[in-house]
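Take a look at the structure below.
To keep things simple, chains are lettered A, B, C and D as they appear, and every chain counts its residues starting from 1.
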Amino acid sequence: MTSNNQPIRSDIAFSTADRIVVRGKSLPDDILGKMNLGDFAYLQLTGKTATPQQSNMFNALLITLVEHGITPSAIAARMTYAGAPESLQAAVAAGLCGLGTVFVGTTEGAARMLYEAFEQAGDEADLPTLAVQTVAHYRERRQIIPGLGHPVHKPIDPRTPRLFALAQENGMAGRYVQLIQLIQQEAERASGKQLPINATGALGAICCEFGFPWKIVRGFGVMARAIGLVGHLLEESESPMSYQLWHEIEARASAHLREQE
Amino acid sequence: MTSNNQPIRSDIAFSTADRIVVRGKSLPDDILGKMNLGDFAYLQLTGKTATPQQSNMFNALLITLVEHGITPSAIAARMTYAGAPESLQAAVAAGLCGLGTVFVGTTEGAARMLYEAFEQAGDEADLPTLAVQTVAHYRERRQIIPGLGHPVHKPIDPRTPRLFALAQENGMAGRYVQLIQLIQQEAERASGKQLPINATGALGAICCEFGFPWKIVRGFGVMARAIGLVGHLLEESESPMSYQLWHEIEARASAHLREQE
Amino acid sequence: MTSNNQPIRSDIAFSTADRIVVRGKSLPDDILGKMNLGDFAYLQLTGKTATPQQSNMFNALLITLVEHGITPSAIAARMTYAGAPESLQAAVAAGLCGLGTVFVGTTEGAARMLYEAFEQAGDEADLPTLAVQTVAHYRERRQIIPGLGHPVHKPIDPRTPRLFALAQENGMAGRYVQLIQLIQQEAERASGKQLPINATGALGAICCEFGFPWKIVRGFGVMARAIGLVGHLLEESESPMSYQLWHEIEARASAHLREQE
Amino acid sequence: MTSNNQPIRSDIAFSTADRIVVRGKSLPDDILGKMNLGDFAYLQLTGKTATPQQSNMFNALLITLVEHGITPSAIAARMTYAGAPESLQAAVAAGLCGLGTVFVGTTEGAARMLYEAFEQAGDEADLPTLAVQTVAHYRERRQIIPGLGHPVHKPIDPRTPRLFALAQENGMAGRYVQLIQLIQQEAERASGKQLPINATGALGAICCEFGFPWKIVRGFGVMARAIGLVGHLLEESESPMSYQLWHEIEARASAHLREQE
């Protein structure tokens, strides 16, 4: 690939001897003590100040993604901390590496599905028709509709009603939230199965309401999980489980090899 | 290492078919829409609900650590995204891996220094004496006192007065904040150099006021930087700098080898 | 996802008080001093001992992937080392995170393309026909054929003839090597462009000759690059480039923001 | 930190339209088919061609570090792969992040100990005296002597005699190998405990014989482990253990929380 000599440019932040400026605002004067962490994440990401409603919704969106108990991600982080307690950042990094298609792919998948439905149909699309077309499209390709169903939460995902209520309260229950609800109804009708909207589907629709590019939606899961993993590592540093689990797993995994000896 | 058959236990969170519980609170009912992201980070980490004052201070602490412009960390994340845009989590992880002793070590170093000063002296220690002893201890070992001085911000770090003002407003300007200020004065007296308290020193003292173990202090920089890196990656996805920088750097670094041809 | 209570099992290695066994062989007695690193990688991966021909080819395959100069991967590793020199493993990890679709995807892509060509056609397929069908398939979907072309190496990739010669010498120039050569010819005919087989195409075909599942082919690039990055980090520890590059990039990226001040 | 405008320079490799050159050698003409992977790692790292004896020893050194069964590192990699099978490089990276002080620190620790013993004493030092001084130094500081003892392998580490025999055969059983053996004898005498030289101690001494800077010694464990982790991930892709382990661990860790419900 040839270099095209574009200017190298970032608009996010800079420092001078007496100033720290983020998205045009002074960190000490305009930000610290004037907004919460979720608000600042929104400002740093978008360059815009969140309205009170956007703040409520964005904080709730991120909070939903922070903690999920002992996940493969938390196990990987704890196992890494066991070998490198002096590199807590590497333990968090290891825990984040596994946030790929299997566990976090559906939030961006749902956002992408909703955006693409409107792109193909145009802005005055009839939502029920879009829902039918979308479900048919996924069923034809024998693909799972992202954002529906859940292996644990039944008959509904308890986070979904709350997220949609918050969207309503904050004026963000727009066409994307409406569409995913119609998609859910159509998917249940077409399949005969119960397919509640899970939290990733609700969050995906809310990300569309915010206008976030679907490719960055995974970033919300990543930043939120980074927060959660630090809590797991604090707990691991005080009451470790990794050493014992390691020895148990190793013994089980090699038992058949030892028996052959 | 032998396994000691302790129970495997985490107190942070669990899910059932109809509940998601974090530190004993229901995520949909007690948390979403009821607290901000910084508050939830505090709850998940400590198991306790932040008071309004702790909330103000903790949010400010984390915000301070989110964004630092085009850092080596941001460059690493952007370069990683260039090769694996489908793995945004790996790009954030790569950016976090370098948050080690050189750039984030002083926050935990300052916290450790303050905790150890009191551990060695006892609770009714005379603060000015502790400051003199601490400074002498570092000077004897020819070690830099963590939390003082800054390569860019002069004559002071503009974040420090604001952080200490917030600590004062929120009833958290206690013995650790006092001690680091006395350490700063003594260090300047003993060295004859200007050594303002930088943001990492202020944050280290504030972490001690919160009672966070010094070993977890790096985690705040890590979780905050994870937020900031997502913003950098969104920008990189829209106006990349990595490809061009790569070609420039590669050409410069190998120019002398090509000349020999 | 429900647990299905399968035994937890690994066949790779185990240790006892007086033995270390890898794939059934004693590390001190059967392996050390008896085979080279590439041979051992083959044994650990497959459970089989490489023949002399397989050894020659496999070592060459991995060597080809070790070093590519100052890549985005090497820059990310060096930038990470700058912040965390005490965590060399995290610097290597950061450098590996970016080995995704953009830079290493074509080796697995070429292997997958070749495997799928035969899967769809059957074992007695006529190679020229398969080549025509494969090229047509990619052109219909307007997709780049993995393994052909190169931004730098023209008119051919100098590694390809050598890799195919080694395949020939070692009895591994079979139907996959033949097919990719026919695909290349057909692609050039159909497009009218020069499209030499690049090293990733040659390596992809050779991986098929070995019978490696295409999903693991990326692993060869990863293990090889891990070797190469350690060399870059040794150089960085002795003559660093990261600090200077960081300051240059940061100044350029924020120049327009400072001008507005 | 100010930029000091040094040239940006790397001596490892470069490419042109028709050449790939690594440490001055043509990859297709001088390297592929002419040396094995371990030899090429040595060349890329040092810029020198390994003698046959150095080749034997270096390959054995790296092989020793490749595979250790189901380690915390392998568990972290497998757990990461479970969430992101499309990002095998991130799974390897996650597995490498935990190669820190606890599990790999003793190889670099042993190398550093041996180098520093001679630095303090000078080149004509009496080895038995150095051994006594070194052991006393560690015992005074109540520090474990790196490279001695092992939690599993008793009464000796079966890799050590083989590694020292290879060192002898290849003319590399020099003053560092001699010193660590004397240190071991003195440590046993002084403590009254059995403290065999383990593989990391043997490898640390051999790294000193090679003249590798102690700070890069961890890199050998990292590059070797990267190889081993790909084998673990291939196995995980075919017979996964991560999903089942995750569910078991999560259920155990939260059992007490569910009982309280």
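To be clear about the criterion, a residue touches a chain if its C-beta (ideal position, glycine included) is under 8 Å from a C-beta of that chain, and two chains touch if they have at least 3 such contacts.
Just so you know, these numbers come straight off a predicted model, no measurement behind them.
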item: Chains contacting each of subunit A and subunit C, listed by label; value: B, D
item: Fewest touching-chain hops separating subunit A from subunit D; value: 1
item: Pair exhibiting more inter-chain C-beta contacts, B-C or B-D; value: B-C
item: Superposing rotation of subunit A relative to subunit B, computed on C-alpha atoms, to nearest 5°; value: 180
item: Equivalent interface positions on subunit C and subunit D, same or different at half; value: same
item: Most widely separated chain from subunit C, with each centre as the mean of CA atoms; value: B
item: Centre-of-Cα separation between subunit D and subunit C, whole angstrom; value: 23
item: Separation of mean Cα positions, subunit C and subunit B [Å, integer]; value: 37
item: Inter-centroid spacing, subunit D versus subunit B (mean Cα positions, whole Å); value: 30
item: Multi-chain contact sites of subunit D, meaning residues that touch two or more partners; value: 1-2, 8-11, 13-14, 16, 19, 69-70, 84-87, 89-90, 93-94, 97-100, 104, 241, 245, 249-250, 253-254
item: In the complex with subunit A, residue positions of subunit C that touch it; value: 1-2, 7-11, 13-14, 16, 19, 21, 84, 86-87, 89-90, 93-94, 97, 151, 249-250, 252-254, 256-258, 261
item: Subunit B - residues contacting subunit C, complex; value: 69-73, 75-77, 79-87, 90-91, 93-95, 97-104, 241-242, 245-246, 249-250, 253-254
item: In the complex with subunit C, residue positions of subunit D that touch it; value: 1-6, 8-20, 22, 26-29, 31-33, 35-41, 44-45, 55-56, 59-60, 62-64, 66-70, 85, 87-90, 92-94, 96-100, 104, 152-154, 156, 158-159, 161-163, 166, 169, 213, 215-216, 218-224, 226-235, 237, 239, 241, 243-245, 247-248
